[in-house]
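These notes open a run of structures that come right after.
Consider the two complexes below, in which subunit A is the common component and subunit B and subunit C are the respective partners.
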Partner chain A sequence: MTAVSSTLLTPRLTAVVAHNWKLAIAVAVVVSAISMAGLPAAVSFWVVGAAAALVAAAFTVNAYRRHYFGALLVAPAIAVLFVMNIFPLLWSLGLSFFAYQANQQTIRFVGLGNYVRILTNDLAAHATWGALINTAMFVVFTVSAQMIVGFLLAILFAKQFPLRKYLLILVLTPMMLSVVASGVFFTYYYDPTFGILSYVINSISGNQFILMSNKVGAVAGIVFADAWMWSPFVMLLVLAGLVSVPKYLYEAAAIDRISSWRQFWMITFPYIRGLLMLALLFRTIEAFKLADLVILLTKGGNDTLTISYHLIRIANEQNKTSEGAAISYLMLFMVIVLTNLYLYLANRRTKGA
Partner chain B sequence: MAESILGKLGFGRASGVDKAGWGRTLAVAVVAFIYFLPVLFIIFTAFKPQGDALLVPPTLSPTSLFGLIPDHFVFKPTLENFGSVFSRSMTPDGAPEATGFDRYFFNSIFIASASVLLALVIGTLAAFGFSRYPLKGNDTYLFIILTTRMLPAIVVIIPVILMFRVVGLSGSYLGIIMLYTAFNLAFTIWMMKSFFDELSPDVEDAARIDGSSGMRVFFKICLPQVIAGLAATFVFGLILTWNEFLFALLLSGPDTRTVPVAMNQAVSSGGRGTDWTLLAAIETLFLVPVFLVTFFLQNHLLRGVTFGTVKR
Partner chain C sequence: MTAMTKVKGLATAASFAATLLVGGVTYASAEEVTLTMAVPDWPPTRIMKKFFDEQYKPKSGNTVKLDVDFIPWPDFYTRVNASLTSGEKKYNFIVSDSQWLGAFVEGGYFRKINDLIDADPELKATMESMHPAVLNAYSTYPNSTPNYYGFPQFPDVLVTYGRKDVLCNDDEQAAFKAKYNEKLPCTGEEIDAMDWNTFEHVGEFFQRKKGDKLAGQVLDDDFYGIAYQAGKGYDFSTSSVHTFVWQHGGGIWDETKAPTGHAEGVVNSPKSIEGMEHFLKLLKYMPPVVKTGTMDIFVSDQLFREGKVAMNIDWIGLGEASLDPKTSKVADKLVFGLAPGLRGPDGKVNRTSQIGGQPFVLTTWTTPEQIKEAVGFVKWWLSPDIQHQFAAAGGQSAIKSVYSDPKYVTYRPWDRAWANSLDWQKDMWHVPQFFELLTQQQDQYDLAITGKQDAKTTLDNIAKFQEDLLKNAGLIQ
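Entry: the complex of A and B
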């Protein structure tokens, strides 16, 4: 674009200039190797970190001088994600090919053994598939309940009326509660002897009512609690879309006497589609990980074990670390397929429009 | 074309928020009140005398509302429970001891705000990069970032515990703040990117032609238009981080313990079952900061200038 970027040649390896990233990498590799060989782990970590920072600095200067703004802006986020997420994820991917338990010292390579076990072994596979089917059920029920309730709430709040601000915060509060507290209080609401729900139904029907006594009741209880907590999330995203629709579009539609149904699909929907997609995406991912409410409300009883809770049991309570890692990669595979399907559909819609 | 001309005249800012009267207020109030009831019950429980928590039928109101509510539904409000959050006797007849909850509240506030703000700064820059200067394989990067959000926390946590132990970060503020920052990044980047994508390039291009640098365009033109997005992302990130339990349980030390972890220990220790009034008191106090932040950022959330001035 400018004269600078076209004349900026790649420096020779030995040239000590700020944007010589090749030299920085060479120095970093040598320093890291020496420190890892000769220093204790805690010290050498920081030395390696400093070497990585040196490389990063060289890359930064290089990118800045060459006007690679995209890479510059994205780099810090990628760096944090790499250290805190991607590196641990790769680590546990590696673990899933070994027989390893967190409370033992031995480690043995078993290849795909863990995956074969969780998918075909009589006992383990039965639990895995049961938990997966339950999870699929929870994903469908909780996400659709949240989308519907959240959407309806957003429509209620989409106009400017007196005290709107104060009423909105009331609806947002369930989302702000700690799951520990609200989950424990839901066990109280559903409790057959002390709970409000049983009290009300008992006094109407005269029979002892126990919500959690069968699968339908247990699932309904969990879905209700989850939908109650997270519908406001969907509502906020939809609302942000709804209030952003320019008024003149509606005015034009009114002049053309377009029916309100068509108005919704032609004007409103395109504005909220992106945010609706985002809400759907993040809620589906979270629903796949549903565990805390199940732990608090049913402890997996009445056939409500989800894959995420199954995983916590295996990895944490039974200490089968590598088998847990295998299950979680099975989960990841499914979520990736699902989200790709969502994104594919969303992109096709955008291009078609 | 017609749209962009209207936009330049300033009409784009007139959003589709219609006015409605008190009738609407009444209808929404009924819905909002029903939605809020379970929370209200928790807050009321925090004010109940200890023996009242498990009465059947439950007591529902601190006042009889001039005789509207029958006496057996009314409880005498007390502030005792809030006192015992910070200091109570741990044994049946021991003297009151400090519970350390003041420290836990500070930890929660410090860790949550530091990590959410850090994620907001780093994530907004990245989102702008992804939106305006697409890299080769942009979508792949974005998808990998999203996958970091897909795995259950328990999977990441085993390697992270080992890593932190080696490095000496376990139980430190820095470790848990960095971890939370990473977990907020995925959402921040996706959210802010969707806001930047909605901005019109027209105004920016005009500014660039007039000789504004990339930095100036970002700070003076793009950022002011996505304030609502920043506020929304901040609120979501804060709420998620504020209530995060699993990482905090496994990675915080005695000095960096956050309230959800301490709350779980406080109500389930002693083997006497759940201490309902204490749990309610902790939760009520714990709700206040995040409630206030959300309340004050609400104006930004709903001002109706959420998206760009000119629609593509």
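Entry: the complex of A and C
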């Protein structure tokens, strides 16, 4: 293959052949620049898009003629990734430096103005920081609840007992339900007039019990609903780790009369640590984006507004598109930092062990 | 690939791009015209679609197809907003909430209809026969100027829903009289005459615990006197707070006075605070869900249909469900009257109230043929015959000759309160910033409703926010 590819000579920059990607780039840059300067935005957008397609085509032909089949095979995936992910990401990054509202026809460059506004303006920053603190609180509470419950469930289901298979399916059901269905279910569950929770507590205490009437209750309600839905996910991952531990290690440990506590730390934990870390990572990222349950259960009342819901309100409801873009980048930045911190800690532990 | 094929490829890409650009527009032949419509999913729009399918024969001779997207109320704004701002140009016709007008007119999505009205004497006559409160709220932007954007689809007001079996019970009547020295409202006329004091008394009087007696029967669950929207979502507390603020002589920021009108000193004037405090005082007699800040129009309606409250103030648009025995435990016990008002020292009742209901609007990308058919449809919809049928099926009409017909009040039990309510209806802002005004205000009201802060702090915070926002928008000097 290398022998074949070397026969294709690199064309001169000005040679008009289909695999001359350098020329394609040069043409694309010039055409894009001219169209952006001279054509209306709606037209130049598509001209630039066509120029990008031209470059991509030149690369493809180049790869084909040079028999880079590996590159050709991944090309569709990269194209989809670019169109669906990278392009919108860059586009919204660009938007975050402008004053732009989706329902108005004007756009103005403001540099870092949006970021300054969401972090320091006394009205906007107050909401941002409040929402971030609430989000951090939900991350800590929901993730720890899910990790603990999921872990305990996994320990339980790692053992064999009658009806285990059916109970396992039952425990997994909440995870398969749509969030909206669960949210509506919990709305009724917590409702002081129709709900069973208030009904039971009222008949014991005699007083009217209203769970969602203060912050503690509202947070507890959301955390419980979230843990109910996502603990099974943690359980599944941990369970996979638990069943992969070779039985002979435990047998050897039993012969050595090692306490079950030490057995856990010396044998079980090293096997499930990677999966626990994965569960923690997934759940943290998800919890950071929590909005659906908050919308369904409190609408952000009782100081439960999370950063995602705040973003939905700013960008989708109030049409402050570029301010929303700035908030999304703030969120993205935090998630990336958080994720890398996790990975760093996980790797350091592995090396230390 | 040669240079020529490259050019060809570029041309294909460009034509593909062009198709995408105009993709949203529906091309219709002269024979078949499709009108795509976004509407909230509830009886007034379902009835409209049913009538259209069964009865509509376009005068133009074309085949008109009405392609309706029924969207649940809680998502309605977000979905329509997303469709409009994304530029997909999907809908020709939108049932818009009245306060959205400014936002979507300024965005270039809603089409001004003055030319259509002027060009069509029949349509002009129909629009002129509309009650002015409804026409101003549903059609004009800026509010109350002769710039028209909407045709009323379904006009709506707040009315009192009552339970006859409880209110008219002799024992309850006697006990109420003994306690408050006034008659417990039982008939529609008595409810019409009711002011907030009596309403509050009803609330206090009917607070019963499980095991207590209600109208001679032992209760198996707690019972409450009154319910009235006080929820955090959408405008589910704004509608009730505005009503109280106006009745006490306070105000909201008045866009017709822009740019000299202010929010500071108006929104948080002593009279506005008094109005808000009056509203907050009633909450303690409402079902406990009100303390969670989620008692919206649907929750209070459900509580009423489940037989948990004696009176509920709600939109007429939700009324059909309470009449149907399948969805209502009180279907055979209903009585309706005007929403209560504030009785002044002179004995006159001030009933100024937040108007509900929705107009149709046309979008700017609708083609001339579509507009022609849309106008034909609107004229048909607003024709007296169809308006009578609509009212008979549970809708309402704002056309004078229709609602003043003696037949009108016989259609539905709440129709007796309809025509009388129209005169004192007012609307909130129509400005493009309405959603920011609304969400911030809803957040603040929620804090007051759930007991986190008092009325003065709440209105001070709202006034400060609005003054700042509207100043930046150039609506306040």
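By our rule, the second predicted complex is superposed on the first by the 273 of 353 C-alpha atoms of A that agree within 3 Å, B and C clash if a C-alpha of one lies under 4 Å from a C-alpha of the other, contacts with A are read in each partner's own complex, and residues count from 1 in each chain.
Everything below uses one rule, namely that a contact is a pair of C-beta atoms (placed from the backbone, for glycine too) under 8 Å apart; a residue touches a chain by one contact, two chains touch by 3 or more.
Keep in mind the model is a prediction, meaning the values are calculated, not measured.
J.: Between subunit B (first) and subunit C (second), which does A:T193 come into contact with in this model arrangement: first, second, both, or neither?
T.: Both subunit B and subunit C are touched by A:T193.
J.: So, A:N207: does it touch subunit B (first), subunit C (second), both, or neither?
T.: neither
J.: Which partner chains sit in contact with A:L275 here, subunit B, subunit C, both or neither? Use first/second/both/neither.
T.: After superposing on A, A:L275 lies in contact with subunit B but is clear of subunit C.
J.: Quick one: is A:A42 in contact with subunit B, with subunit C, with both, or with neither? Answer first, second, both or neither.
T.: both
J.: Name the contact category of A:K299: first (subunit B only), second (subunit C only), both, or neither.
T.: second
J.: Kindly classify A:T106 by the partners it touches after superposition: subunit B alone (first), subunit C alone (second), both, or neither?
T.: In the superposed model, A:T106 contacts neither subunit B nor subunit C.
J.: Quick check on the superposed pair: does A:E317 touch subunit B, subunit C, both, or neither? Answer first, second, both or neither.
T.: second
J.: Quick one: classify A:T14 as touching subunit B (first), subunit C (second), both or neither.
T.: In the superposed model, A:T14 contacts neither subunit B nor subunit C.
J.: According to the contact criterion defined above, which of subunit B and subunit C contacts more residues of subunit A?
T.: Comparing subunit B with subunit C, the partner touching more subunit A residues is B.
J.: Scan A:A53 for contacts with subunit B and subunit C and give back first, second, both or neither.
T.: second
J.: Hey, what residues of subunit A end up touching subunit B and subunit C alike?
T.: Common interface on subunit A, subunit B vs subunit C: 42, 46, 102, 193-194, 316, 321.
J.: Report the residues of subunit B in contact with subunit A in the complex, numbered from low to high.
T.: Touch residues, subunit B against subunit A: 3, 6, 11-12, 14-22, 24-25, 27-29, 31-33, 35-36, 38-39, 41-42, 45, 54, 56-58, 122-123, 125-126, 128-130, 132-135, 141, 143-156, 158-160, 162-163, 166-168, 178-179, 181-183, 185-187, 189-191, 194, 197-198, 214, 228-229, 232, 235-236, 239, 242-243, 245, 259-260, 263-264, 267, 274, 276, 279-280, 282-283, 286-287, 290-291, 294-295, 298-299, 301-302, 304-307, 311.
J.: Report the residues of subunit A in contact with subunit B in the complex, numbered from low to high.
T.: For subunit A paired with subunit B, touching residues are 41-42, 45-46, 68-74, 76-78, 80-81, 83-89, 91-92, 95, 102, 153, 156-165, 167-182, 184-186, 188-189, 193-194, 196, 199, 228, 233, 236-237, 239-250, 268, 271, 274-275, 278, 281-282, 285, 288-289, 291-292, 308, 311-312, 315-316, 321, 324-325, 328, 331-332, 335-336, 339-340, 343.
J.: Using the touch rule from the top, collect the residues of subunit C that touch subunit A in their complex.
T.: Listed in rising order, the residues of subunit C that touch subunit A are 1-3, 5-6, 9-10, 13-14, 17-18, 20-21, 77-78, 81-82, 84-86, 103-104, 106-109, 221-222, 231-233, 287-289, 291-294, 303, 306, 308, 432, 435-436, 439, 443, 446, 450, 465, 468.
J.: In the complex formed with subunit C, which residues of subunit A make contact?
T.: 16, 18, 42, 46-47, 49-50, 53-54, 57, 61, 102-105, 123, 187, 191-194, 198, 208, 210-214, 218, 298-302, 313, 316-319, 321
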